[in-house]
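Some structures to go through are shown next.
Okay, so chain A shows up in both of these, paired with chain B first and chain C after.
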Partner chain A sequence: MGTTASQLDKDLLSEYQELTFLTKQEILLAHKRFSELLSKDERNFENTRVSMERILTLPELKSNPFRERICHVFSTSDQKNGSLTFEDFLDLLSAFSDSATLEIKSHYAFRIFDFDDDGTLDCGDLEKLVNCLTGETDDTRLTTDEMRQLINNILEESDIDKDGTVNLSEFQHVISRSPDFVSSFKIVL
Partner chain B sequence: MPRKSDAAKMDEVGIEIDGEVSDSDDGVAQRRNNRRQAAGRGGAKGRGRGKKPASDDEDEADEEEDEAPRGRRGANKKKPAKKRGDDDDDDSEDEAPKRKRGGAANKKKGGKAQDSDEEDSDAPKGKKGRGGKGGKKGEKEEEETKGKKGDAKGKDKGKDKDDDKDKKKKKKKDDSSSDSSSNSDEEEESMSEGEMARLMEEVEEKKKLIANIRNKPWRMKRRLTHLKEAQAFVDKFEGALGKGKGRKWYAYKVMMTKKWIKFQRDFENFRTACIPWERKIKEVESHFGSSVASYFIFLRWMYGMNLVLFGFTFGLVVIPEVLMGLPYGSIPRKTVPREEQDTAQDYSVLMDFNGYCKYSVLFYGFYNNERTIGLLKFRLPLSYLMVGIGTFGYSLMLVIRTMAKNADVGGGDGEEGEFTFAWKMFTSWDYLIGNAETADNKYASITTSFKESIVDEQENQKDENIHLRRFLRVLANFLITCSLGGSGYLIYFVVKRSQEFATRDDLSWYEKNELEIIMSLLGLVCPPLFETIAELEDYHPRIGLKWQLGRIFALFLGNLYTFLFALFDEVNTKLEEEQAIKNASIYAMKEYYANYSRLMNDSEATPPPMDPADVIRGPCWETAVGIEFVKLTVSDIQVSYLTILIGDFARAVIVRFLNYCWCWDLEAGFPSYGEFDISGNVLGLVFNQGMIWMGAFYAPGLVGINVLRLLSSMYYQCWAVMATNVPHERVFKASKSNNFYMGLLLLVLFLSLLPVVYTIMTLPPSFDCGPFSGKSKMFDVVMETIDLDLPAFMGTLFSYAANPGLIIPAVLLMVLAIYYLNSVSEAYKNSNMELKKKMQMARDEEKNRRNNTDSTNQVMKDLEDLLPNRSLAPPPEPEKPPEPEPKPTKTKPGAAGKGVDLQKDVALASPNPNARGPVSRAPGPRGQGPGPRPGPGPGPGRGRGRGPPPR
Partner chain C sequence: METDPVFFTDRSGRITSNPLLDQLPSYQSLLYRRKSSASSNKRRNSSRGRLGSSSSGKWGMSTFTRPLEKQKSQVTEQQPIRELAKPMAEKRRDKTQRLEEAQELSNWRQWRRSSRRYLRRLKDDTQEWLSSMKLWRGDIHLIEGMFGTGILSYFSFLRFLVVLNLIIFLIKFIFVMFPIIVAPYASGNITYNLNDAGVCSVYPSSARRGLVIFHEHITDLLSGGGFLEQTYLFYGFYKVDKIHFTNVTYNLALAYLLSTIAYLSLSLIWIVKRSARGFKRNLVQDEDRFQSFCNKIFAGWDFCITNENAARLKRSSLLYELRTDLEEERIKQKIADRTRKDKCRIYLIRLILNLFVIGVLAGCFYSIYIATVFSQEAQMTKVNFIVDLIYEYLPSIVITVANFITPLLFSVIINYEDYSPAFEIRFTLMRCVFMRLTSIAVLLFSLWSQITNCEKECVCGYNHLLYSCWETRVGQEMYKLTIFDFITIVAVTIFVEFPRKLLVKHCDCGLAKWWGQQEFAIPQNVLEIVYGQTICWIGTFFCPMLPAICTIKYFFIFYIKKVSLIKNCRPATRPFRASSSNFFFLGVLLIGLALACLPVTVSVAQINCSHACGPFVNFNTSWEVLPTTVSQLPSGAQNLLFALSSEAFAVSFFVVTCLAMFYVIALAGAHKRVINQLREQLAMEGRDKRFLIQKLCQAQRLSPVRSPVSKSQPRRGSRSSPSYHTSFSSNFNEGVFLAHSPPDSSTHV
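Now for the complex of A and B:
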C-alpha cells in the first residue's frame, strides 16, 4: 500500500474510493494535506505516521474539544500515541464526511466519547464529556452539583437497561432520533 | 465486568436483529425468531449448559453437510482465510472490549471450543463452523461470516446474521430445515447445477460486500484486505459462471456492470466537482458553525433553481424573440412612443425602467402576438404561456422534493423532550467549527444550555406574576398588530398616491420612488421594532425567535399583498382606460378604412401610413405590473447591499479603528461588531424569490436580474460575513430549520402563484401589446393551438376533457384519493408507533429479565402488570426509576422483594398530576451510587449464571 511521496497510484485511489465515503477529489486533497504534515524525507517512506501533535495543527481539528480523542480513536499505532497513518487519516475523514451513514457516525462518536475505552459510557466518561463541551475555563465549568444532576438526567433518559452506563446500542438509539447529529458530526478538509 | 459487557453485547445484538428481521422473508423471520430466542437464552445463560444449543448444533451439522460441496470448492480460499486470521489481530486491538466478551463467552462454552488457537482471536466469528466438521469448513464459514463484526454469541447468532445478510444462507437454511440430508446427497452428485447457483450467490454476496464495505466501522487496513480478497474472488469465479451460450452473455453483462459502476463513480466525482462555492461555504462553516453556513447553502440552492428558471425563460422566450421576432421599431409595441423619445435614453428614465427599457425584451409588452415566428415556426405565445406556468410547476416540484428529501434525512421522529439532555450532551458540538472564537462561544452556549435545562428541570414553572406577564404579552401583540396594520395602510396609501403622481410630470426623485423606498424602509425598521416589543413578552429565546420569524413573515406578506391589491386597483383603472382607447382606436380605424375605400374606390384595406411611434396605444397594464416588480426587486437589492455596507462594514471599520481613541471599549461594549442575521437574511431571500415568481410572467428579464443578484450576493455576503461579522453569541444549529425555510418558501410560492394564475385566467390581456394581444383571455392561446395545430380528434378530446361533467368527478376522485392516502398514511403512522412501542417493550422486558435476580424479577413483573403503560408512554418514563433505583442502594437484591413492593405503592400513589415530583427526586438516590455500581453488578450476573430463563 504505497502512500508514495506525492502521487497516489491509480488502483489504490480507486480502492480508497471504494472503501470510504470520500470522492476522488477529497482523497487527493486529503493526501495533499497529509503530505504537507510530513517533512521532506519522511514522505518517501510508506506508512509514515504523523504524530498527534502534528495532526492537531490542522485548523479543522484545532478548536475541537475532542481532538485528542479523535486521534486516539482513529490511530492504529501500537504505542497508543494517537499518531495517524494516511489510511487512518482517510478513515477519519470518511467517518466525518458528509455522506457517511448515521450508523458509522454514531459508532465513531461513541468511541470518541468513550474516554476510557471500556466499551460503555459510564459516569466518568460522561463527566469528561461534559467538561470537554463546556470548555477549559473555570467560568464555563459546571459545578459539582450541576454536573451530578446533568449526568443523572442523561442516564435517566438514555440508559435503558439501567446499568448505570450507556452502551453502544443505547447510544445509537438516542443519537438516531436526534435531528442534527448527522449534520454536525462533520469535518471537511 | 466481562459478564456485564456480555449482557451489553446481547442488547446490541438484540437490536440489530430487530432491525434486520423486518427486511427478510416472513417465513424465515419466523424461524429466525425462534432461533434468536434460543440464542438469546443460550447465549446469556452460558453456552455449555442446556439442551437447546445442542439441538441447534444438530441443525448446524446438517447444514455443514449441505455445504460440503462448496467446502471443497472453498478449499482454495483457505489461504485468504488464514490471512484473515492475522488480520484479526490487528482488529482485536480496536475491538478490545468485544474481544474480552468473546473470550468470556468462550470460556463458558468450554469443551466445545476445539481449535482454541484460532478461536481465541476469532471467537466472535469462528464458532459457527466448529460444531460441524471442523477444520476446513470452519475456516470457510469463518470467511463467509467475516462480513459481520465480532459477535460473542457464537454460532446461532452468527447464523442469524448471516442470513440476514445473504440470500444464499437463507436458501441453505430452508434446505436444511426441510429436507436437508436428501438435498445434500443430491447435490453432492449433481454438483455442477447447485454448485453453480451457489457459486453465483457467493459471488453476489461478495459483490454486496464490496458495495457495502464502506459501511463497516473497521480499520482501513482490514477493509482493504477484505476488499482485495473479495475482488479477487469475484474476478476468479465470475468468469466461470454461466454456461454454454449464456456464458458469453454473462461475461458481457459483468463487464458492462463494471463499466457502469466506474462510470457512475466518475460521474459522481464530476458532479461533486461541479458544485460551486464548496470552499467558500466551508470557510464560513468553520468560522461560524453550520447555522450561518446553512444560509449560504440555501442561497446556493436558490441560485441553482433560478438558473434553471433562467434557462427556461431565456431559452424558450427571450432568445427566440430576439433572434427570430421582429426587430425594434418595426411595430408600435416595439417602439418608444413619439412623446417619450426625447427622454428615452436619459439615465434617470432608464433607471426607472422606462424609455428604452420599457420597450425591450425584458418586459411583457414587447412580445408580438404572431402565432409563429421565424423559419422554425416557433410558437412564441404558446411558449410564453407554457414557460410562465412551467416556472411555477418546476419550482413547486423542486421545493416539495427537497422538502421530502430533507424530511427523509432528518429522520428525527423522536418526540421533543424525550432525550433533551442526551441530545445536548451527545450532539451539541458542531464538529465543523474550526475557529477558536466560535469554539469559545460554543462552549459558552453549551454551558448555558446545560444550566438552563437543569434549571428548567428543577423548577419548571416559576409563577411570579402571571397576570403582569399576560398583560405584557397581550400588550406586545397589540402593539405589533398595530404596527403591522400601520405598515399595510402606509403601503396602500403610498400606492394610491403614486397613481396620483403618475398623471403629473413635475416629480422629484423621492416622489417617483416613494413606494419602493417606503417598502424597503418598512422592511428595515419593523423587524428591530418587533424585537424590541418582544422584550416585553419575556419568552424563552427559542420561542421568541419563532415569534419573531412569524411576525416578520406576516409583515412581509402583508406588505406584499397590500402592494398587490393596490396594484390590482391600478390595473383595473388601466383596463378601463385601455377599453376607452381601444374603442377609440377601433373607431378611428373604421373611419379610416371607410374613408379609404370611399376615396380610393378600393376595398383593399391597407393599414394607415403611420410611423409606429405615433400610433395611439393603450397603457399595457402587464408591462406596468412588470415594471413595478422589477423596480421593487432592484430597490430591494440596493437596500440590502447598502445595509450590509453601512450596517456591517462601516460599523466594523468604525469599531475597529476608533477603538484606539475612544473612552470605552467599542469592540466589547455598545456598538460592537454585527452578527449575521440568519433568519432575517433567509426571509429576505424567500420574499425576494416570491417577487420573482410573481413578476416573472410580466417581466421575463426579472429572472435574469435575480440570477445576477444571487450570484453577486454569494460573493458579497461571503466577503461581508467573513470580514465584518462576529460569530453568534448563542450559536444556533442548522438542524431542522432547513425544512422550515423550505416550508416558508413553499408558502410564498403558493401565495405568489395565486395572483398570477388569477390574472392569467380572468383578466383580459391588453389589446395592443404582449404575446396574447387580441385574445379575450391569455389561455386562449392554448385553445387556439389545440384547434389549429393538433388533429381534430384531439380537439374533441380536449373539449370532452374540459367538460364540467368530467372535471367535477375528476376533482372528486382526487379529493377521495387524497383522503384515502391520508388515512392510509395515518394508519401506517399508527402502526409504526405501535411497533415502536412493542419493540421498546420487548427490549425493556428482555433487559429486565436479564438484569434482575429471580426475586426482583417477580416484582418487576408485578410492577409491569400494575403499570401497563409503563413503556407505552415514554414521557412518564421518569416514574420508572423510583422502583428499580432504591433496590441497589438501600436493600440487598435478595431482600428487595418487600422493599420494592412498598416503593411501588408509593410510586403508584402519586400518579400523573405529580409527575414532576418523582423526576426531580429520582436522580437523588441514583447519584449516590455512581460508577460501575457494585451492588447490582453481581446480582444480574448470578441470575444469569444459574436460574432458568424466567419466562
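Now for the complex of A and C:
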C-alpha cells in the first residue's frame, strides 16, 4: 500500500474516500501537493516520510503559529520528529476539512493545544497557547497580570470539576458551545 | 523505553502505578477501551502484563468486561470509521475487522450495512457536486486566506444576496412575465382590462414625441421615465386581466399578488433557516457574556490564513481584542463602584445626548420629506438636463448625505456617554441601522402623502391629475434609489479609496499619517447592502424587474469590493468574529425585511390602486382580487378557507402556540437548574476523590504494599511524577494527573 509514481490507483482512492472526510478532488489535490514536496527519486518509493521542515514550507502551514504542534500530533513516526507520510497528511487534511465532525476537530484541537502532551491543558499549556496567538516577541505578549487574569477567566468558564486543568471532556464541552470553532478550524488546500 | 500511552512516565522514566488505584472503575473502563481497540501487539502485551501483576486485578476486570465490550461493539457498529480519531493505519485495521465481523452477521444485517454505506457515499457525492457549483469559490478562498473568516462572512453574505435576488426574479418572471410573453405562441387569448368610464382611467402617455435629443435618453434611463415607463420594467405595463389558453384561464392579477406574497415569504424562510444554525449555538449559552474568552482563545486563530502579512495582522488584532476585553472587565468593576453623584451626572449627560441624537434624526427625516415633496413638484416643469437630473435624484442625494454624516456624528457622541466598549459598538451600530432603514420609510411616507393629497376630495382615492399611475411613480423612485446607490458605491471606491491609498503610500505628511489607510469597516458595508436589499424588496411589487437589476448590481459590487479590499484596505483593528457577524447580518436583514413588508402591505390593502394601469384596474384595492377569486371557488373550498380565516380558528391557534411556548420555556428552566446542580456535584465529587486518594497514598506510604512495581514508590517525592489517577493543582507532593481519557485513544464513550 502506498503511492505509485504519479497517480493513485482507484481502489486506494476509494479507500481513502471512505476512511477520511475528503472528497475525491481534494485527495487528488493533496496527492499532487505532497508529491511536489518530494524529490524526484523519493517519489518512486512507497510510504516516504517527509521531514517536518519540508512540510512547513507549504503555504497553508507556513504562517500558522501551531504548525509544529500540528506536525507532531499527526505524525506516526517512531522518532517523534514530526515527519509525515502521505497517509498522515491525509489524516491532517481530513481533520481540518469542512465536513469533519465537531468531535474529531475538538479531539485534535485538544491534542494540538496540549503542548506538553500530558493529556490535560494546565496553566503552562494555556500560557503557551496565548503566546502563540499573540506573537512571540516581547512587545506582543500580555503582561503577567493580564495573562493571569485571562487564564483565570478561561478556567472559570471551562473547568467544571475545578481541578485547575482542562481535560478532554471539558474541552469538548466548551467547544460545543463555541460558535466560531467550526469555521476557524479549517484548512483547505 | 516505549512510552506507554495509558501510564505516563515520571521524569526518571519509571512507570509508577498503584495496585489499589488500578482498580478504580474509571481507570478500568479506560483500559478496556484501549485493549479492545486494535492496538499494537507490544502495547497489548505490556498492558496485559500489568493487569496480571495486580492480584485482584483480574477480578476487578471481569465484572466490567462484558457490559463495556458490548457497549463498545454497539457503538462502533453505528459510527462510521472516519469519525474515529485514529491514524490511517489503525482505521484500516478497524475496517478489515469490521468486514470480518460483518461476514458473521445475518444476510439482512449485511444488506442493511452495505446499503447504508452506499447511501452515505451518494450523499457525499451530491454534496461535493453542489459545493462545486457554488459561485465565486476561488475568489472567496483567496479572501479567506488573506483576511480571515470575519471579512469572509461579508462576502459570503453578498453571495447569498445575489442568489436570493436571482430566485426572486425567477419567481416574478415565471408567474407574471412569462405567460404574457408566451401567450401569442401558445395560442392564448389575452383579455385586457376594460376602461372604466370616468376620469380616473385616463393615462396620458409619457413617451417623448418628435425629435429626441440624445441626453434625454440618458435622463430617461437614469430616471425610469420616458421610453422606459411603458415597458416590462414597471407595474403600469401589466394591464392584462386574464389569459385564456386552450384548457385553462390564467388569472394574471391573482398571480401578480400571490407572487408578491411568495417572494416575501420565501425570503423570510430562507433567512431564518440560514440563521438558525448560528442562533442555536448562541442561545444555548447560559452566560451573560456575549463573547466568551474560551471562544476567543480556543477558536481564535483562523487556520485558513495563508498570508504571512495577514497572520501578523491577525496576531496584533487578537492581542488588541484580548487587551480590550480584559480592560472591559476592569471597567465593569469600575462601573459597579460608581458613586450616586457620578451616576446622576452620567445619566444626565446621556439624556441630553440622546435628545440631541433624536433631534438630529428628526432634522434628517424632515429634510428628506421636504426634498421628496420638492422633487415631485419640480418634475412637472423641465428646466435643463443637469438640473432636471438633480431634481429627480434629490431624495436619493439627501438620504445618502444623511447616511454619511450621521454615523460619524454617532461615533463622536458615544465617547461622551461612557458605556463599556462592546456596548458602545453595538449601540452605535443600532443607531446607524435605525437611521438607514427609517429614511426609506420616511421617503415612502412622503410619497404617499403626495399621492393622496388632492386639492378637494379625492375622486379616485388618489390624486389622479398628477399621478394617473401612482404605482409606476413609486416604482420609478425605487429604481432611482437603486441606481444612485450603485453609482455612489462605485464613485466612493474610485474617487475616495484609491486616492487615499495613493496619498498614504506616497506622501509622508502628517495628514496622511493621521488619516491612515482605509479599514474595511464591515458594519458600514453590510448596512449599505442591506439598505439596497430593502429597497429591492419594497420595489419589486412596483417594478418587477428590479430583482434582476439588483442581482447584476450585487454581482458587480462583489468584484469592486474585492479589488478595493485587496488593493486598498487593511483588516480592521478590532476583529469581527464570523459567528457574531452572521448573527448581526441576518438580524439586520430581517429588520429590513420586516420594514419592507410594511409599505407593500399598505399599498396592497389600503391605498386604492390606480384605475388607469396595472392588473388591478377592475378592483378597488389590489387585495380585493383574492376575495373575488375565493368567491368563485367551489363551496367546499370556500367554507374551508372561511373557517381557516375565522376568529375562532385564529384564537385557538394562538392559544395553542402560547401553551407550547410556555412548556418549552419551563423545560429549559428545569434543564438549567439540573445542569447547575450537576456541575456542583461534579466539582464536589472531584474534591472527594482527591481527598480520598491523598489519604490512601499517605496510608500506603506508612505501610508499603508488596508488589513488584511499588519499589519505586518511596522515591516518588518529586512534585511532578505523574501517574494516571488524580490531579492536584500543585499542593501535594504526589503531583498526579486526572486524565479522563488520554488523547491517543478513541474518545467516544
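Quick notes on this structure:
The working rule: the second predicted complex is superposed on the first by the 189 of 189 C-alpha atoms of A that agree within 3 Å, B and C clash if a C-alpha of one lies under 4 Å from a C-alpha of the other, contacts with A are read in each partner's own complex, and residues count from 1 in each chain.
Just so it is clear, a residue touches a chain if its C-beta (ideal position, glycine included) is under 8 Å from a C-beta of that chain, and two chains touch if they have at least 3 such contacts.
Quick caveat: nothing in here was measured; it's all calculated off a predicted structure.
Once chain A of one complex is fitted onto chain A of the other, the partner contacts of A:Glu18 extend to both chain B and chain C. Legend: residue contacts after superposition of the two complexes on their common chain; A:Gly124 is shown touching chain B, with no touch to chain C. Contacts of A:Arg148 after superposition: chain B is touched, whereas chain C is not reached. When the two structures are aligned on the shared chain, A:His173 is found in touch with chain B, with no touch to chain C.
Of the two partner chains, neither chain B nor chain C is touched by A:Arg33. By the touch criterion stated above, A:Arg54 is placed in contact with neither chain B nor chain C. In the three-chain superposition model, chain A touches both chain B and chain C at residues 15, 17-21, 23-25, 59-60, 62-66, 76, 87-88, 90-91, 94-96, 101, 103-104, 107-109, 113, 118-120, 126, 129-130, 133-135, 140, 142, 146, 149-150, 153-154, 157-158, 160-165, 167-169, 171-172, 174-175, 177-181, 183-188. Of all residues in chain A, only 15, 17-21, 23-25, 59-60, 62-66, 74, 76, 87-88, 90-91, 94-96, 99, 101, 103-104, 107-111, 113-114, 118-120, 126, 129-130, 132-135, 140, 142, 146, 149-150, 153-154, 157-158, 160-165, 167-169, 171-172, 174-175, 177-181, 183-188 touch chain C in the complex they form.
In the complex of the two chains, the chain C residues touching chain A come out as 8, 81-83, 85, 87-89, 91-92, 95, 117, 121, 124, 127-128, 132, 141, 149, 278, 281-282, 284-285, 287, 292-295, 297-308, 310-312, 315-316, 318-319, 322-323, 326, 329, 577-580, 679, 682-683, 685-687, 690, 722, 727-730, 737-743, 747-748. Only residues 4-5, 7-8, 11-12, 14-15, 90, 93-94, 96-98, 210, 213-215, 217, 219-221, 223-224, 227-228, 265, 268-269, 272-273, 282, 285-286, 290, 409-414, 418-423, 425-436, 438-440, 443-444, 446-447, 450-451, 453-454, 457-458, 733-736, 843-844, 847, 850-851, 877-878, 881, 884, 922-923, 926-927, 929-933, 936, 940 of chain B touch chain A when the two sit together in their complex. Chain A makes touch with chain B in their complex at residues 1, 14-15, 17-21, 23-25, 59-66, 76, 87-88, 90-91, 94-96, 101-104, 107-109, 113, 117-120, 122-124, 126, 129-130, 133-135, 137, 140-142, 146, 148-158, 160-165, 167-188.
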